[in-house]
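See the structures that follow.
Same chain, two partners: chain A is paired with chain B first, then with chain C.
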Partner chain A sequence: MSVLAGSNRSAKPMPPHIVKVDKDLEALVQRFLARKRDDLQRAREALAGGEFDTIRRIGHDLKGAGEAFGFPELSNFGAALQSAAVAHNEGVLIEQLEAMEQFMARLRITLDK
Partner chain B sequence: MNTTTLKNPDVKTAPHSHSTLAAHAGTMRVAIVEDDPSQAELLTHWLELAGHHCHHFDRGELLIRALDQESFDVLLLDWNLPDISGVDVLKRIRTSSQSGLPILFVTARNREDDVVTALRQGADDYMVKPVRRLELLARLEAIARRGKHRIEQPEVMEIDVFKVDTQTRTVMRNDRQVELTAKDFDLSVLFLRNIGRLLSRGHIRENVWGPSAVVTSRTLDTHVSRIRNKLGLTPENGWRLAAVYRYGYRLEQLDPSRHLAHDER
Partner chain C sequence: MRSSLPSVLVAEDNEDIRELVSHQLRRMNVMVLLAEDGRRAVDVAIAEQPALILMDMDMPVMSGFDAVALLRAQGYTGPIFALTAYQDGPEAERAMSSGCNALLGKPINSERLRQHVTQALATAARSNAA
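After this line comes the complex of A and B, so read on.
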């Protein structure tokens, strides 16, 4: 079993979210999640700089990719980020980025036999 | 605790032998224009598992440039690209020498007016991300089937004086079997399935020798010359297997009336 765990800033203990993947998809999924962690960081920096269009693009890509990789929750975060970025709604963006980070921290990838 | 499973659904696995693969009627050469590397990797993974050959471009202009020297069976096109939009790519292809290329839009843009715009500009189909694997494969195969150059063909084809059986891997010409090597057979089938279509050297190499084979231009030219002679693909017989400078080859069936006129002269 391989395990992916992100940073977990949340004080609350949250149950892990386990996703089983075929062995031949494992490397793809690992790379996808690593990129999305980078995107999360980029989105935080963009929010700090008021670059809403960067967040919109990150959200748009995440919306399109998440579910295809087995993470419909990430597609939902992507859609929320995209629409909040279009509306320049900083409050929602902060909430969504925090929630997405917590979700990714709970992710556990296991190989499906 | 939440648990979900991401599996490769039941699809045919890629055959081990490339010659088997090349002879398979369903193998397509697919261009993917997608700037998100994760999406591109996933689409490529799915399509290659299904036996197709993929070429990825992360910019629209890179594809447009590649089309000067390459041919594909179908194009998967994203809308939002870093340089030009997918719709601009679509418009340029539809006014180019490769205007018949089947194009499937794959984009996260889900508004009705986006779908309508893409279809009205000439897209053959439209899928909203996140895409589902089996649906993607089915739609891809469907637009390729509807395209000018059908990808799926029967095991036995009868074209003019030729009868090609891909099961027994034989070609008959005027009811007499033509002796062909395995590569010459694959090459003959590729041309006879794509009459009138300009095929790039890369396309031919990939279909006949496989995506990772190193084949010189001279080797390819030699095989083409050999099947031209063995199958009699010459104007006297109503056929022309023509080289197109710096691009590839096209097999043409000449106008029968002109052929008759030629014979009568």
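After this line comes the complex of A and C, so read on.
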């Protein structure tokens, strides 16, 4: 298992993850990413409260939408969150939420047209 | 007064998908109707008689499967496309046996969506003109 960058502060920063977005979709994508940042926070709060079904639903929605918006990595995080929430696996949930937060921090949107 | 634009009902509980599909449909000069659960989808479809319905199968309150079956029982004859991650297997078979005309796979692909919707609306327009 790879070491989480968040727990290894001296590690070299990861490079930005650049995603090209059609100009027409820019506002839509920015709203989507803002909602996902909110979901990330909601999932953390749900985990603290042991509300696994809330995390399962957040994961399910993320799995369904991420790739459609051009972010297959987010769909993968969604699938992992969903299955870990069903299994009540707190360790995996903590790891996945941390990894998702780091991924989103690296995201840079550029316009395709 | 009703719009002369063809209308498409998007029944989907995922706000992100609802917004993305709506955006793509509006670019196609289509009037978009929205529902966030199966029960609401049935109500809107019966009242508005959209030219096409895009139906998520996994929704709260009433599933897409039940909503499609109810719509068919209540006489809705327009095309219904199932929005589902399953392109084959029991879920796909269940969608078709509920009364869907086709499966539109998830994740939503904008080009595939455009092609399917364009073709369905053209077919519906020809039927209405006949």
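Operating definition for what follows: the second predicted complex is superposed on the first by the 101 of 113 C-alpha atoms of A that agree within 3 Å, B and C clash if a C-alpha of one lies under 4 Å from a C-alpha of the other, contacts with A are read in each partner's own complex, and residues count from 1 in each chain.
Just so we're on the same page, a contact is a pair of C-beta atoms (placed from the backbone, for glycine too) under 8 Å apart; a residue touches a chain by one contact, two chains touch by 3 or more.
Bear in mind the structure is a predicted one, so any value in this text is a computation, not a measurement.
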Since both structures carry chain A, what do chain B and chain C do when superposed there: clash or fit?
clash
Which one hits more chain A residues, chain B or chain C?
B
Contacts of A:L25 with chain B and chain C, given as first, second, both or neither
both
Answer with first, second, both or neither: which of chain B and chain C does A:M14 touch in the superposed model?
neither
Looking at the overlay, does A:L111 come into contact with chain B only (first), chain C only (second), both, or neither?
neither
Looking at the overlay, what does A:A87 touch: chain B (first), chain C (second), both, or neither?
neither
Those residues of chain A which chain B touches in one complex and chain C touches in the other
24-25, 28, 31-32, 35, 61, 64-69, 75
Complex interface listing, chain A residues touching chain C
24-25, 28, 31-32, 35, 61, 64-69, 75
Along chain B, where are the residues that touch chain A in the complex?
1-8, 36-39, 41-42, 45, 80, 107-108, 129-133
Chain A contacts chain B in the complex at 15-22, 24-25, 28-29, 31-32, 35-36, 57, 60-61, 63-70, 72, 75, 112
Quick check: in the complex, which residue numbers of chain C touch chain A?
14-17, 19-20, 23, 27, 85, 106-109
